[in-house]
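Structure record follows, encoded as structure tokens.
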Amino acid sequence: MKIDLPDSYRRFKRGPQVILPKDIGLIIAYSGIGKDSLCVDAGTGSGWLAVSLARVCNRVISYELRDDFIAIAEKNKVIANTPNLEIRKGDITKDLKEKDVDLITLDMPVMEKAVPRCKKALKPSGMIAGYLPNIEQVKKFFARLEKNGFVNIRTYECILRDILVRPEGTRPSTKGVWHTAYIVFATKAPDSQKVAKSDTAKEHANG
Amino acid sequence: MKIDLPDSYRRFKRGPQVILPKDIGLIIAYSGIGKDSLCVDAGTGSGWLAVSLARVCNRVISYELRDDFIAIAEKNKVIANTPNLEIRKGDITKDLKEKDVDLITLDMPVMEKAVPRCKKALKPSGMIAGYLPNIEQVKKFFARLEKNGFVNIRTYECILRDILVRPEGTRPSTKGVWHTAYIVFATKAPDSQKVAKSDTAKEHANG
Amino acid sequence: MKIDLPDSYRRFKRGPQVILPKDIGLIIAYSGIGKDSLCVDAGTGSGWLAVSLARVCNRVISYELRDDFIAIAEKNKVIANTPNLEIRKGDITKDLKEKDVDLITLDMPVMEKAVPRCKKALKPSGMIAGYLPNIEQVKKFFARLEKNGFVNIRTYECILRDILVRPEGTRPSTKGVWHTAYIVFATKAPDSQKVAKSDTAKEHANG
Amino acid sequence: MKIDLPDSYRRFKRGPQVILPKDIGLIIAYSGIGKDSLCVDAGTGSGWLAVSLARVCNRVISYELRDDFIAIAEKNKVIANTPNLEIRKGDITKDLKEKDVDLITLDMPVMEKAVPRCKKALKPSGMIAGYLPNIEQVKKFFARLEKNGFVNIRTYECILRDILVRPEGTRPSTKGVWHTAYIVFATKAPDSQKVAKSDTAKEHANG
């Protein structure tokens, strides 16, 4: 089944599984980011989410481990004309150095490992958004966010339905994409002194 | 039923029916707008869409006929800190003067009347997005877009499902919002000489 | 995309577009038919709905115009072992003779033409169920039912989502059937003297 | 939010959480049961599923532990006029004696415990259908079915959407029921000698 994409995405290169505009839009609108925001992203993959964030944010730093994915994402950065996106080879769970980040987006295996480091990087009331295909992954990420004192943890599934308006009749398309991934949003507590104790120390001890 | 809203929207004032983040996100991502974009919006209503566009765009002009709605939207503009949003009292079908617009968003009755004027205002490959609750409205808007040579006309319904992750079990919430509106996207043909003749002249004659 | 079918349906022959178990089940449960019920069906098509009704009802009469469809449906009647199903070559809008029918199911073009004759055939509080792919068809059928004094007219869309439970993770299937048809249910008013005047006479005059 | 019910269900008494017609219909159609079928059900609850099965089957035996639920279900049995339904006080995991059962429906806590006993009661190619609100319950039931050699294990979610056809416009209802439960279907292997070893012995040992 061909996915119906808007022109602005149809030009992009595709490498690893991409995040679709429906989910990218939910992340942008739900997090409330804008032209002054600093965003961090991992892993970059084909870079569709990273360049989409870079279109609307001040600066985006995206971490990726694989050179072949970085090559694809660098091409998409040129196509999208987003020089404010920096693609870094590295592991967000270890290499993340930024401070006062507005939004961190995660699309990577075992993303719960990145939670303590992301918490440090986020500014108070900053948000984290995880993109997770399976419910078991959602549960692990959710539990780690709770343990680290994140608040307003919400899980959504965004379903886009295509409606055919035709002379012969109007109806939803008979077949379509039913599921891409769950998106988990969480907010770093505004005042870190008052929230439940983080498991950062324990995390680091566990290596 | 209370609608679950992110913090950035919870602070906003509510007047007339608002457009929810799920639909705002789809409009932003699908249209591919960003920090350099010029957007036009009508009618302003509570201004949720207008301020959300202003967060991520260079400039937004929003038309509204009612003074009470303008007052609410001006408050939300302050809350969102988006001085690049200009709210104008006026009727987009007559008063729209802008040129080279990247995206026009419509949430108003009988929006098909605005199509010819919007076509003039859009730059080539610029997009229009209509937000329409009923299928009959979709069909009228769709037909007018076709008649005016718009291409890639697509109708979507964006459904957001809330997943409850709880110690007692994980499942979708039992009740929720099933429908807000259909969103119709269309693109102004890149080269206006080559597309089907517009009905602009006829439109104006009909007043 | 292969449709996932239960064993009892997988054995059936397929001719014209079939009605899927999800929609057949809704018709059976919503209408409350059972072992004492008399049902009428048109058009037979591949006969999947007719044999499914015959499994759970006392008697089913199904009308079909095309000989090739009747041949397929007769085979499915044998496979399903439902001798209480009678497949008749004929046009339900003219040939329907039964009285005191509990449920009439319609899956045919221009089904609104059958409404006056169906009204006569139904017993008081008997139900009619129409299976219609497009919204324009729903509106025409709905209007005719109202005009003929049917009550409790309801339109549903039954969506079946396939959940994959696998060692590598649990999630909905990524792709699937989004739409088969709308199902419109209506009830013949319990006391025909008291309902709005039927347009039966007018219908017949219009031929 | 009021649930929209057909007349045949509106007359029923409500006690514990009931199974809605959309899910009852799926169970009937998907299992392919009919007038010759023997069904077993547990727990009875308000008896909506049991009387619905009794309408279309030869005989239904429903097990329930609580006297207050049995009292409600006995009233619904009278309303539905289904003398072929027998409501037994008892625990299906211990008290189930039937043989050659066509379909067993389960709506009870910890239903995976009933799997080995149900397997004995079912005829070859007989089906089991479990109604489970949470995904964790689905996974436990699914695993037990696999361990006991059941085949064609499928998990569905049946979503019913209400479409409003009105003079002022046609659209889905804005709010509605998003989730009742997942339904897991499984088939007893046709030839028990050839399937994977059951864990029946172990189950009994664990008591």
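Each chain carries a letter (A, B, C and D) given by its place in the written order, and its residues are counted from 1.
Convention: contacts are C-beta pairs under 8 Å (C-beta built on N, C-alpha and C of every residue); 3 or more make two chains touch, one makes a residue touch a chain.
Bear in mind the structure is a predicted one, so any value in this text is a computation, not a measurement.
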| item | value |
| --- | --- |
| Chain of greatest Cα-centre distance to chain A | C |
| Centre-of-Cα separation between chain D and chain A, whole angstrom | 40 |
| Rounded Å distance, chain A centre to chain C centre (Cα mean) | 46 |
| Chain centre separation (chain C, chain D; CA means) in Å | 24 |
| For chain D, residues that touch 2 or more chains besides their own | 135, 161-162, 170, 172 |
| Every chain pair meeting the contact rule | A-B, A-C, B-D, C-D |
| Chain C - residues contacting chain A, complex | 1, 133-137, 161-162, 168-180 |
| Contact footprint of chain D on chain C as seen in their complex | 4, 6-9, 21-22, 24-35, 52, 55-56, 82, 125, 135, 138-139, 142, 152-165, 170, 172, 182, 185, 187 |
